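Labels for the chains are A, B and C, by order of writing; each one numbers its residues from 1.
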Amino acid sequence: MTPPDDFVRAVEAVLFAAEAPLTIDAIRAHVGAGDVKSALETLTANYAGRGIGIVRRGDRWQFQTAADMAHMLRRDREEPRKLSRAGIETLAIIAYHEPVTRAEIEAIRGVQISKGTLDVLMEAGWVKPAGRREVPGRPLMFATSREFLVHFGLASRRDLPGIDDLRAAGLLDPVDLAFDRLEDSEDGGEDGAISGIEAG
Amino acid sequence: MTPPDDFVRAVEAVLFAAEAPLTIDAIRAHVGAGDVKSALETLTANYAGRGIGIVRRGDRWQFQTAADMAHMLRRDREEPRKLSRAGIETLAIIAYHEPVTRAEIEAIRGVQISKGTLDVLMEAGWVKPAGRREVPGRPLMFATSREFLVHFGLASRRDLPGIDDLRAAGLLDPVDLAFDRLEDSEDGGEDGAISGIEAG
Amino acid sequence: MDDAQLTLDLDGWEGPLDLLLSLARGQKVDLRKISILALVEQYLAYVESARALKLELAADYLVMAAWLAYLKSALLLPRDPLAEPDPEELALRLQLRLERLSAMREAGARLMARDRTGRDVFARGAPEGLRTVRKAAWQAEIFDLIAAYGRISARTRPVMHVVADREVMTLEAALERVSMLVGERIDWSVIESFLPDATMLQDGERLRRSALASSFVAALELARQGRIELRQASPFAPLYLRARA
């Protein structure tokens, strides 16, 4: 094992000492000028296969334990709060469709969301308001937060399980849009280009 | 770093996630049977020369950032701040009369100065202690520093404008004084010449 | 999934679409190939059995049941090309909705199965923490400094008045002038007539007063020497001078 150079060591120490995931700019503020991104890549490679490692969460980086060590570490720890089925579905709909209004969530689930469901997700810090949709009534939209990426171990929303397949299959498009497309193709028209509402 | 075996990885992860330094027994309670001591030695060797390392404190073990990287964990951020009126007046008196004691500054200024004012000037690096006046109480004297000249773009203190220059520039004519004089001349009184104590 | 189990799970449904999806899953085929007619019948049968057991069903379920009953009849009747909406279209829309709900349910499950922070992976337990020390960068301009000194000087220096030189008549000058002039006069002359013509001079009034004082003292001196005589009728009355014969 070759010890890294002092710049990489500095990035390693700063990231290790941090109490929260750090952006590249935040790291640079501590270590000074240098190629932080390349240092992070070096470190990520250095730690591959170890008991701890470096991961990217959105535009931030952090050290964390390797996932396969979970059983060693769960001892004496409280399980994170279990979400209700409504909570899980609502969170998934927001994550895969964001930004999304409450009415849009309800349209997919076929049922009203009880008041507490969004509150629980916001309290957990996984969901946050994300502006208003410019339609009559200007309904509030919701999106996932940075903490959501951290908690679920996602480098970005593109890492959401199966999101590419769902998008390709049109399953992230509203029913009306999907229906029109099916009609078009049945009428012998060319395959409708997927004009999905681009997520993320 | 060569990836270690799973037992060493487990010790590594447990030590990393621990909220306090751990004894070998406490580590074993997490990772199960195995040679914890030897795993700790392997880890210590693995991390030699890196930005972080494993250290022993008594009979407990912990991860910590390398000692020579400690200064990276702290960064100074400079925020521009304007000197207060008391600050700039005190600085001006020191510059024109140095070396000067605090009591002398107050006598010239006609107002007491708070302890913080001189501290700020010394923190800024513009004022420094300059020996003691050989009078009862041996009060500390203050003078300007080289940084003072640099900051204000002066080759020497002789470059500071004298009283006559100030008068010519109208800087000795605050509103109230000019007003008094106007009243005097209306009363038929003669112009009072100000006998300036020559500065510098 | 039999009726008994459906009944037991009554409280567990997240609305009629959820119930429909569970029933559809019971068909064990791809949602795209599902028989909507069979699904409708299953749903209606479920609602019937719930009613038979006198279970209270939320209004949503009954609204859905009514709509599905309509869909069923439309699907069974001979196709009327002018009917709006087209029952096939309604069936397709229902199928699309079920697909979307199903997709999100699976996505939620996969999300929950990820390595979650605080459950499967952990951040460092006792980080040293990073500190940002704010340091003031004090700023002042040379003008501020000079202006401040000007301000202090103007405010606190003792203001000293210097009286400008002005023309006066000395006692010597008055003695000379009075003794010379008095010899030319024959009769008594008032002292003011011995003074220089004040109006001719700058600052004349001041000089006149100075000359009067000096000339008065000069007159006293000349009288003491016996060279002139003085006469005054009463205090503050005009003072007359005459050379001694």
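Note that in this section contacts are C-beta pairs under 8 Å (C-beta built on N, C-alpha and C of every residue); 3 or more make two chains touch, one makes a residue touch a chain.
Every value quoted in this text rests on a predicted model; they were computed, and no experiment measured them.
Chain centres here are means of the Cα atoms, and by that rule the chain farthest away from subunit A is B. Every chain gets a centre from its CA atoms, and the centre nearest the mean of all protein CA atoms is that of C.
One simple way to say how far apart two chains are is to compare their mean CA positions; for subunit B and subunit C this gives 28 Å. Rounded to whole angstrom, the centroid-to-centroid distance between subunit A and subunit C, based on C-alpha atoms, equals 37 Å. Averaged C-alpha coordinates put the centre of subunit A at 42 Å from the centre of subunit B.
Residue positions of subunit B touching 2 or more other chains: 13, 16-17, 63, 65, 73, 75, 77. Touching of two or more other chains is recorded for residues 122-124, 128-130, 132 of subunit C.
Residues 1, 3-4, 8-14, 16-17, 29-31, 46-52, 63, 65-66, 69, 72-73, 75 of subunit A are the ones that touch subunit B when the two sit in their complex.
For subunit C in complex with subunit B, the residues that touch the partner chain are 122-126, 128-142, 144-157, 159-164.
Against subunit C, in their complex, subunit A makes its touches with residues 14, 16-19, 22, 29-30, 62-67, 69-70, 73-74, 77, 79-80, 83, 85-86, 88-89, 91-93, 95-96, 108-112, 150-154, 160-163, 166, 169, 171-172, 175, 178-179, 182. Residue ranges on subunit C touching subunit A, taken from their complex, read 14-18, 60, 89, 92-93, 96-97, 99-101, 103-112, 114-124, 127-130, 132.
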